[in-house]
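Next, two complexes with subunit A in common: one pairs it with subunit B, the other with subunit C.
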Partner chain A sequence: MPGLASDPDNSIVPFDPNPPTPIIYPIQINLKPPISRIHINWSRGNLLHVACLRPAGDSGEGLAGGKVVEVKLGGADDGEIGEAERRRIAYGSVPAFALLQSRRNSLMAMARMSAASFRNEWWEHVLEYSNQISDLLGRPKLPSGSVIEDPRMVLQLVEKPTSLKAAWQLLKIFYVDRLSSAWLPEHLVDWLADYDGLLSKTDTTIHSKLAGLQKKLVDLQVVEDDPEYWEGISLALAVGWLDIAVKLLRLHGSYQLDQIDSRETENGLVEAVAVLVSTMPRMRPDLPTGKLGQSYKTKSDFIKAWEKWRGHIAKLDFSTFWVQCGHHQTREGLKNLLQIMLGNIKNITNATYHWMELCISHLLYMRPFTMSLEGMHSLAQKCMQLKPNANSSGLTEVLLGILGDNTEVVLAECSRTFGPWLVTHATELLSTENDEADILLHEERYNLGGISIDELHRLVYAQVLSSHPLTWQIAPTYLASCPKQGLGLLENLLYRQPVQHFQMILKNLEICRLYELDDISSRVMKIAGMYNWKHGKKGFGVYWLQQAQDEVRLNKIAQRLFECIGKSVSDDSFKQWEGLIELLGSEVGSAGGLEFLHKYRDFKRSLQQVQDGRANDVARQTVESLIQLMKSPSTPQRFWLPLLHDSVKLLNWKDRPLLSVSETNLLMNKLQELSLAKLRPDFCDTELPPKAIGSVRLALATNLARAILEEP
Partner chain B sequence: MSNPNFHQFPQSKSIDSVRFLSPISSSIPSPSRITSLKSPTPKSIVFSTLSGTLHFAFLDPVDGSFDSGPTVETSLHRGSVSSIDVVEGGGECVSVGMDGRVNLVGVGEGGRVEWKRVADSNGLVGYSSVRWGSNVEFATGGLGFGLQWWDQRRPGGAVSQLKGNWARGNMPSMVHSIDIHPSRKHICVAGGSGGTIFAWDLRWQQQPIILSGAGVSGTSQSLSESDVWEVQYDNHTLSSSVTSAPSTKILPVMMCSEDGILAVLEQDAEPIELLGEPCAINTFDIDPQNPSEVICALEWESIGILTRPRMVAY
Partner chain C sequence: MDREVATLEKGSQMLQLELLRSEAGGGHGDGTASPSTDSLDSSSNSSFSRSSQWKAHESGVTNIVWVPPEFGDAIACICIDGTLSLWEEVEEDTQPLMWKQCKVFESASSGVLQVQFGGFATSLKLVAAYTDGHMKVYELMDPLQLNKWQLQAEFQNVIDSVCRYGKPSCISASLAWNPQRGESQKSSFVLGYNSDLSQFNSPKIWEFEEAHQRWLPVAELCSPGDGDDRVYAIGWAPNIGRPYEVIAVATCKGITIWHVGLTHESDGRLPTDKVALLEGHDGEVWQLEWDMSGMTLASTGGDQMVRLWQSDLNGVWHEQAALECVGGQQ
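And now, the complex of A and B:
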């Protein structure tokens, strides 16, 4: 970006002015030293070609003079999403993106639309778009459909979700799901349930703890004696994974038939807590199957239920039954759970690992009512102080950017962690409901060369796509949505595609057709024409040049072709020209100088018929073809004499003179012209016998004499 | 548009050609991208490549996988092989290229490849597709919607040809694919640029029958405006209707196109669009054993399998 490095404070995207530690790529050359020169140049995509050369003349027996090594740069691929999967996402997002762009254009075109209804309709389109992309990034795997549920299976260890999907969902929650802003905390609870394991790669999270417990559960005989069991329940409860907490509680030994009599009170307490957990009031429209709690749509209903629920908890907390509970761990464990539900900060802090988990716990048990973005931001800051994490993940940085209402930070973090795909597709979400973000993204900027940030990101993404041989053809969709520089870059992209294989040329032409780039398509065809002509595919070369109506090149090519044809005037090998002549078609003008070939073929054909002894009218037609050929400026001079020589029989036609006086004069003039041309240095002689010109002259003179006598 | 009977399977590479085979899982290396793939018998595969090579592979009866067989590496064509076809049941393979060469390749005694050149136009004409009509006759197609009919009993070039200059204006006009029905050897059906699908009846030589596309006839409907990459007779309808139809009638044809359409066309009937995908459908194949199953390869590195409801006899 121009001007960025000099002025970090005013930059659009925050950046670290200190350059990062350079990355070292060791390469193996296996070349005998000394190495005298090294050339480095870009190859496709992020590949570098490093050529190492030994000194000239030092190449001994069997020694290579140099070697070229390919180095793949970047490799930002952290292994989470492979190259093929990235391409799958790139392909899959094209239709959704293109549909959204076309909808924007048609909405813009509707003049008589109020701002409110415009917004509403646009928002619906963006919602649909964000759902399509989100499906593309992976749908949640349904739990295995086993009929008998394993009670010890508390945490479904399904395929790990990707951070990319987590980031997209986060953006969607805050920028698109505006109808549900009242249920934002619950949305975040759900989000954390899906993606908690991604918060940190190295630090402990509730997810990693529970996954550990799940493995242990299979072998554990008396669960309630194990402190990890009680910790597991408190962790699940703290972040609102009520189903897991209840499932774990019901594994308690007091439920077993042989113990239920001796541990009746204890079991009653466990079950009471389990019931309280599963009846927790939730401020949300509904709950998916399998999730516990009671949902309330309106705030007043929710507050009523909330107070009542808290009352039940407090009542149980002060119950006298606790004294009769002989199992120490159970008593302490259950009490801790009650404190968490009552929103005791100490217990909550103990029952979470990551600051984001603490934050969610706060939202669930301490401030269960909707709060402003600002409020959430300060809460997040507080939680971070309580639980500082050494390694922050890109996801939490994105979240902080969102809470801080700082679009620039969100964009920068998306770009840094997730790359150009996410930024390009996410800008549509960011500006949906936020006018400031809309201006920030779409304002034309002087320091970006007059383009907007939105366009900049699309251009960058299109460049990434163009650099791969399998994805270049989807880059035009993105370039077409760039009002300032898109078209120029699109032309450039199409212009430099290789033309070795005709499938590639056709793809290129198809894109030209879709974007109505007639000029580029004509240039591509010219390039293809010359390439094929030079590589021996003469017919194919001529075909493309003809399609491109490139008269100049066709004329030049015609001269070259006639050199080959000149030798085969009267033999059968002319047959192999048939295909090319067919291809040229009969339309005059489209074939450049090659139209001669067509007339020549017709002349040869009727001459053949004359020699087979056909009637006078055929002979007369042949003469007309001859006159046309001789008149035509596209007939090369070197064909004049062979043509006349082939026609001697016509000139000496027995029945009557076939040529009129004026026609004979025309031919004699041509012959005269030819004799003069012979003196010029660039004249090319034919392989006809020396007396040919004499016999033609004689025939012409005879015909002239007969014609004068015939004509009145 | 999502079709509940269409299942897409993303691959991590570009798919250039698909064919139904007996249920075998096998992988054969190829030096470059494949231009044409044929399976003349359930036990053999023949394919050609962009780098100009031709490869045979045969089923190993012991471990049930395909093993690379003989290969023609050089001098078959200058540049890539455009298209190949093998006589049904396993016989000679004909190969054509834009270099204007037409070759016949066969595997002789002891697994040795033998090949001979039928024609070489020295690049004056190029061929983009080829299809056998019988054991000794085949059709080729190329630029300007031209079709040629070759008969090995009459050497020295094509024995008849369809003049190709009926295409419109300056739009490309190339034949990409030809099919010939075993019960109607006198009719070639071809698909090519500009959504064009036409038939050439050898008995009425100079007038192509346009089934779709921007040809000469104003009445013909156009399914697609882009290249038609493959055409195949659709044997989904029961064979009784094939034998009872007059010999001039063009049987139903399936096509796939650059603009993502997979459809079945029938003369004097509305075309049936089976798929409308956001990317090109490069190739397809109809399961010979169960014609309601169609496999296709999509431009965006995936293959798709479409299951059609079974046809009721009519």
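And now, the complex of A and C:
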């Protein structure tokens, strides 16, 4: 996928001007080496077919001459989300995306709207959209319905959240939730609570530590003797998971009934810390049930409570009760917790693993107010220096891009780690509040072929969608939202769809109709028509060619019918064409003179009856249709002679002359005309025996003579 | 990421896969051709099976090109001896599905090196490039039958038609039609040779001028000094709305990407701009294929690698990835 910008002079992104060496992907091919030749061909969307061939002369019985392998390109796939889930997300995000696009269009149409109210309304739509998408990516797990809570279950190990959702939430926090920007630090605390485990796959995180402790707790008899227990509490406290910290504290042995008398002071201290932890002031509108702390909406209230709370901590810190606490680990452990709450940098640093956790700890206990992006960025840099992580995950790279206020980096990281789905859907979030990003995303660039970055990402995503037979049908929604090249790609996509199945053709045509792609629609019908025509389904072929209004091909078909009829004196082959004539119907009458074919069919039928030996009146009827045929301007000239030749028996009718004098004259005139036409270069000769014209002439003359005698 | 979709016969020498109609065709050293049909169902598990095989020619088949689907399921076969034949799949009520030969183009003096179909908005055209540096444009007279062709033009791949050149001996020809299918589009194609006469080698874009019913060279894709370069492969990118065309040309120096303007300059030429020279394949480039959006170029070459090329946001072309085919025991 087109990714980072790479011109050092014009680019905002600092980067290495030497392009990175391309990654080489090995394709395992079940073919005995050597491989002599490789052929490639693009299949649907991003699928590339690679054919490897062995040398022709290489002997070896039973060995295949080559193999064809299908390679799927693009689309980051870290294996976190399965194919089916990916498709569910792809399908599920279509309605939200389409709704947002149509809302944008209708907002644009309202010309009189002031810029401010436009923004406001648009922002509300984007917020709704971002909520719909995040619901799609997985709803937050509700607390379990169990009445009896397991006191030792400190960490709810629910279904693993996905990085994709984590990234979406991160973008939402920074780009869409502007009403709550005052509570940004608390938003990040909540975000980390949900996704801490995703920060690193290999390095230790607080989440992984607590998960380990959880397993251990079940078997632990005296928890307060175990250093891991105290570490667990400090870790949970450091990143503001107060409920876990308090729950762990209450597992302390001094709470047990048989010990409460002997360890009264110790228990008092534990409880005092637990109370302090659970009453921590939080700068946020509310707290979800089950979460601890006291929420304050205004800064002044919060500061008052904050100072008071810290006063309590300091007071406890200097209390004389500590001397009476005989349990060493408890004393040290609790003191450490107090220092964390007081924002002691040393204790905080020790109680965190990942730099992001340290960052959150800073926001909680040292600088609990919203700061500028710049301020947060430098804080993040500082934390990274203190906690250098060997492996950076895509999530943290995205976060750094956001903090660095660099839309290009955010997009590139989203694309690199999470693939085209996220980029396509996230661009709407990025540009909502940020004019610079808006320009960056929507500016048309010559280098991209006159499209914007936004459109480029949609095209790329649509191409990924069209790689799979189950998802190509949603690609048009995204292509339709591309102002410049979307329909061009859609045409290419539709042109490449197979036409062997009727249902599939109907689906293609429906899409053509929806997006008014008349040209491609008639092309699809032509292809379907030709396919059926050449594969023995002549009727179906004609049907599709009629739908396509392909006069050129229909005329050619009509010509071929004429030829067949011209040849076919025998009725067997005529029957083959009869149905087709029926099908061609009157619609193409003007196009191919097919009106004639219908009359000709009727004539043939009655001629058949005459030959079967029916009565005079049938013979007379046949003559009438002959006359009509000969009079009709739609009858091709080259059929005159075959028609007359077929009717020789009628002309020589034994009982009485069937044709009147005038009728006979008409036929004789036609015959004369035909003789003259023979001299013209474009005359099309029939395959009748050379004597045919003579026998017709003789029969006509005989009939005329008899008719003259009979007529009064 | 990858999965096997087909196994090919022993002696397969070249292969054309075309998923346009989910079909693949193989040409064999022993002169047989075998298209395969992708048995497509709505699941993702499509696979190829050989639908038929027949002996197309006494000598080996060197190339197979599919005819546009508006004209049925048909292929053009080029044989080692330079004959060109057209085959189509037909099924009649009484007979089973079969491939039948519908046309053989014979030329006494020179053989066909390459053939491509195009310009099928109005009528199907066929360009055949010959070993003597000539090319012939044929037009299909009846869209229902692939046996009625009329020679529309015959000319050499040189800009200056007045000068007399020697007779080149061409090893291969690279040929690509403008893939645009629009009715309004003028028919045009680009052709370059791998020959011993430099004037014939450089790729030239030929455009059909309706008014005078003739083919005119409207652009030459070579920089000064590169005119001698033998052309190995050419790919004309699909244009889904760009204000310029993109054409990739492979020579011994590497793959060059050209931008070609859409409007003629006062001298009737199209403005051209060489935007990139891509090096990667050591040695000859075998094939250049653009994806459906014209954004990714895939190439194969003598280094037995498949390389994928893209332009970044600033229009700088670079190699995005490479695929290495690793054989293993069967």
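Heads up, the rule we're going with is that the second predicted complex is superposed on the first by the 480 of 712 C-alpha atoms of A that agree within 3 Å, B and C clash if a C-alpha of one lies under 4 Å from a C-alpha of the other, contacts with A are read in each partner's own complex, and residues count from 1 in each chain.
The rule is simple: a residue touches a chain if its C-beta (ideal position, glycine included) is under 8 Å from a C-beta of that chain, and two chains touch if they have at least 3 such contacts.
Just so it is clear, the model here is predicted, and its values are computed rather than measured.
> Identify the partner contact of A:A51: answer first if only subunit B is touched, second if only subunit C is, both if each is, neither if none is.
second
> Name the contact category of A:L597: first (subunit B only), second (subunit C only), both, or neither.
neither
> In this superposition, which partner touches a larger number of subunit A residues, subunit B or subunit C?
Partner touching more subunit A residues in the overlay: C.
> With both complexes superposed on chain A, which partner does A:L316 reach: first (subunit B), second (subunit C), both or neither?
neither
> Does the superposition put A:L470 against subunit B (first), subunit C (second), both, or neither?
both
> Please indicate which partner A:Y91 is in contact with in the superposed arrangement: first for subunit B, second for subunit C, both, or neither.
It touches subunit B, and subunit C stays clear.
> For A:L422, is the partner it touches subunit B (first), subunit C (second), both, or none of the two (neither)?
Once the two structures are laid over each other on A, A:L422 reaches no partner at all.
> Using the superposition on chain A described above, determine whether A:E510 touches subunit B (first), subunit C (second), both, or neither.
Touch partner of A:E510: subunit B, not subunit C.
> Just checking: does A:G539 make contact with subunit B only, subunit C only, both, or neither of them? Give me first, second, both or neither.
In the superposed model, A:G539 contacts subunit B only, not subunit C.
> Applying the touch criterion given at the start, work out whether A:Q547 contacts subunit B, subunit C, both or neither, answering first, second, both or neither.
The first partner, subunit B, only.
> Hey, what residues of subunit A end up touching subunit B and subunit C alike?
470, 500-501, 535-536, 576
> Under the touch definition given earlier, write down the residues of subunit A that touch subunit B in their complex.
82-84, 87-88, 91-92, 94-95, 98, 470, 473-474, 500-502, 506-507, 509-510, 513, 532, 535-540, 543, 547-549, 575-577, 579-580, 582-583, 585-587, 590
> Using the touch rule from the top, collect the residues of subunit A that touch subunit C in their complex.
Answer in residue numbers: 1-7, 10-11, 19, 22-35, 37-54, 56, 63-73, 77, 445-451, 453, 456, 459-460, 463, 466, 468-470, 484-485, 487-489, 491-493, 495-496, 498-501, 519, 523, 526-527, 530-531, 533-536, 552-553, 556-557, 560, 576.
> Can you check the complex and tell me which residues of subunit C touch subunit A?
1-22, 24, 29, 38, 40, 42-44, 46, 48, 69-73, 88-93, 97, 142-144, 181-183, 238-244, 286-287, 289-293, 295-296, 298-300, 304-308, 310-316, 318-330
> In their shared complex, at which residues does subunit B touch subunit A?
Touch residues, subunit B against subunit A: 10-14, 50, 78-80, 98-100, 121-126, 128, 143-144, 146, 157, 161, 163-165, 170-172, 174, 193, 225-227, 258, 278-279, 299-302.
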